[in-house]
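Below is the structure I would like to discuss, written out as structure tokens.
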């Protein structure tokens, strides 16, 4: 059972990190194949970046289906091209935001998204939560100014800030579950969970387990809801 | 990793069936321990039955935690005592309705619940979907008159009826995903999925995979949302 | 016209207090019969307690119908077993939370619930308001740490705290109506109403008047919504 | 305890009918004083009529307060000037639609409004239910073409039609409670309730009992939500 | 193309100010005819005032249609009699609140209303936003205590206060668009927009441009939604 | 005042038709500049096509700003890249769906979208209406099977079908306003409006007038909601 992981940014910066995490958490029968897109933005921090990543990510999902993959993960919390990809193929396609906030909704009454990238990302987050119909469960979005590409560089500072923001999300905004709002926030959920006493969701890991769940149970997005496109002239 | 499966009815009718299905679908490292409650109703078809099953089911969840189980599943689509059990213990507790409708929400825009037990069950279904905040995703509930305890007796007739009801849910009510509304509807999802061309969710199997997901990722219900009860005089 | 009042806790602590209040406020033709349950928790402060109280309360409602009562009141703001009881019988069954928040909704745009029992009770309150479809009217829930069974012991301190919490509900949370979140908060609404200049609803008294209203107008819960259970094996 | 009943139409056609019904259903201590407005429309069937009735009805509510009434009822399902009247005075003011749909919401999951006046009235009904925040509980509005002023003339035909519409509301639209959508539909609720097997709410009688409930419990609309107007030049 | 502008207050205080603004911003082919009502309140600051203004404003809208106007604007943010007027005539009728908050919704995710008249006006604002179905887009309402009729007298102080309130709406309440909550707040939007760095909507100007848009595209309120009243006895 | 009109499909098929319509309806001071994208799909009928059109459309919006345009219209009812474009530039950017459904909401209580492209387009429509927060106003979406590129070829047949679908939207689905769901449905709104007796909105014309409205009143999307992207490596 091969799962294709598409990192929708034009850098291979994340591939090894994600592979390590996925190798550690995948089920025995799962094989992981990670690639990044060649065109597109070097990071996705706002809706604008999503538009740059959409088509290259979409084409990789189509390729994954042709390669016989059992599922595809678009590895970014912005879920670029996710709904288009659900239309494009007949294998399950999973983003990071959508499964995370559904799992968060099962674990509490209100979740907050805490993450990086600063103010430019609020719209992307809120629009996605709205699109998935869970805005009434969202307590708040709190994004520190550290840029996505500086996550590893400023790791200790970041963990400290996210701990503080998570605390405020719980005490001020009324969250009882936290969702990390970026696929690059690897190896952080456990640390925060211990410090905060609330569930902290690592969206990349949840995406992996939900992709496995769907593939194992022979489930995928409804092709009545996400109808396959018919051939027409489309110029890349 | 032991998962306790609590069938909240006063009959052992379902235990072997569920065990078979779970042994087939569980992950390698999972151990399944199935029991039914001794007091309570012989089947759960409406809110009234839920009240009869609540306390015995709750006490079994508490026992499961003491036994060192990694997670507990209350194996009934009515999710009796689910929220009370989330308060009671610190291991993840999973029902059948809650995870199923969240997975359904990831796979389409509108889901219908199709099941058994007849008109008495509509309220239970709708109130649970409301409680979980997904009523805006519910296209319809369609419950045939066959009683829960007659599912295996009238299996072929039932499959035929559910196929018809599923078709109406899609064509008349606008559903694009179907959820089977009873834990006793085992070995039916695949048949219906083939006939209907839409995802059909087996709630028992989804509950198993979600319980495994939570246990593996060290997630559980938020103890800020579901606070443990303090000791007081409570007479059984 | 006899109204059965069921106090769903395993103590007779409240019976006289409730009887006094009800004798004072009932209509001329009303006869009040108060009992408490013998099994169950000594107080209801969270969802967990609800599950302990559900079945004994439900059985008392069924008994009340057999005794020829015109209506039954489940005298607790947690409304344990309320919906099950509406299914069980054909006389009107009334809780404390449901009628109070509907009356509150007629008197203002946003109500807050202020009460006792501390943090463990938030979930129970919010889930009930959600279940009744009035979450968009809820400004906040504010519960002081005083336990339900200490209400009479710490009465003066409690009145002072509730006055402060009510003020914050109005000034900080935007409430314009207050609902007392416990049936044990007797003889407090008038005091608070005077101090706060906003309507303060005594849920026990509202429950009484709504039960009388329904009985007099020959109204009761819809038996299309709350269908009577058919006989099956149910073990207590 | 005097309750002023203001029939907001420029005809005394309804006064005796309403008086008879109210004398029969009022509590022992209640005194009923019924008047109609002198200016305004002869019947209220759509939003346009509401604007004609608003100021004369409002002035009568102010007069009622000066006369020392304990409560005022604006006796029309269109609730003309209801919110303005709540601002104007410090005695409880009650309409017919608002309390009826709240009581309906306590008795079932979905209510339909069935009434007279034809298509012109749908907007008025739906806007009022929206204003009171209960649109999610509304199954449908069904208004037969018989005009308000012909209710008594065509009584038997009307009862037959409303029975049919009520049946459709239940079977087609999914209602489990019915609300009569006009104060002129007196002596009909009991007949329909018997025929339809669902609660049928007489809005005039519910208004009376809710007005009594508020007056007896010393409750009224929040003056924080409905602030009294300060004197300024207002020309009638 | 003549547009009738009805200022629904019993003073001609605003006519010249509005005429100046409208002459400056109207399209070349537009002719503006401004009048105020003779009866009614001298200013509209709460729901109570609305009831005083409703009928005189409504009659002026009917007159405008008879005069052959292409559209009518009820020039007040309270939108008195707006829905009744939509029923009354077959030319487009436009208020100030309704088009402003729809335009605000196109420009951002959350808008705040900032204005004058103090606390008495909150209910009017919130009920109108609810009526138009955009409450989920409303971040806050902030009304300073300056009275409507003192706007020009205290202009500089007012601009300063509104700047501060606008800033709080953005920083504290989460608004990203501001709507001025009164037709008398002329020549203020541009100043605030510059200071605040967020769109600030002048409701009077938006009403003008939307009226022109509708008239030019031959659009008007649906007469299926807003059905013309049939003749009956209505006494003024 | 130059408005750039970007037709986000890789064919110049529509340019002359749109130019004709816009020249006829634009205000005197408006200058129209129409172009189509060179890459992308030949038509946009579902979410998948949107992803192909997004980046080329976005780059044209950025170009329009550099050229000094006063506003940009993305001329497609799918609104591809609309929110990204709002982030990208500081001139107002307008789509076809967003302004149309807001204007529809001002004209009635429920609107339906009727259009072409068949079943593949439902998801795109519903997701956009959800994103704009107006799903509660949507009565239905009805899309005939005629493809977008066959609109002019099958014009008479199309008008007949849309008339029938519009009628069903009104009579069966409860719509009182209709919105044409494609920018290619030019010169149809007036015909349908006459036949159906309900407002029928031409989304292209509404987009033009709203773009003019925003430009004239110096309004644009909030740059607090749609923050400009900072430079980073983005590969086309």
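Per-chain residue numbering starts at 1, and chain names A, B, C, D, E and F are given in the order in which the chains are listed.
The rule we apply is simple: a residue touches a chain if its C-beta (ideal position, glycine included) is under 8 Å from a C-beta of that chain, and two chains touch if they have at least 3 such contacts.
All figures in this text were calculated on a predicted structure; none of them were measured in a lab.
Participant: Find the pair in B-C, D-E or A-B that has over half of its contact pairs, by residue number, in common with E-F.
Facilitator: Matching more than half of the contact pairs of E-F: A-B.
Participant: Which chain's centre, taken as the mean of its Cα atoms, is farthest from the centre of subunit C?
Facilitator: F
Participant: Same or different: at the subunit D/subunit E interface, is the fraction of residue numbers used by both copies above or below half?
Facilitator: same
Participant: As a quick test, compute the distance in whole Å between the mean CA positions of subunit A and subunit F.
Facilitator: Whole-Å distance between the two chain centres: 30.
Participant: For subunit B and subunit F, let me know how many angstrom lie between their CA-based centres, rounded off.
Facilitator: Result: the chain centres lie 44 Å from each other.
Participant: Of all residues in subunit E, which are in touch with two or more distinct other chains?
Facilitator: As it turns out, subunit E has residues touching two or more other chains at 109, 123, 133, 225-226.
Participant: Residues of subunit E touching subunit D in their complex?
Facilitator: Residues in contact with subunit D: 10-11, 38-43, 46-52, 54-55, 58, 81, 83-84, 87-88, 119-120, 123, 127, 130-131, 133, 225-227, 229-230, 232-236.
Participant: Along subunit D, where are the residues that touch subunit C in the complex?
Facilitator: Within the complex, subunit D touches subunit C at residues 25, 27-28, 94, 98-99, 102-103, 105-110, 132-134, 136-137, 170, 176-177, 190, 193, 197-199, 201-202, 205-206, 209-210, 212-214, 216-226.
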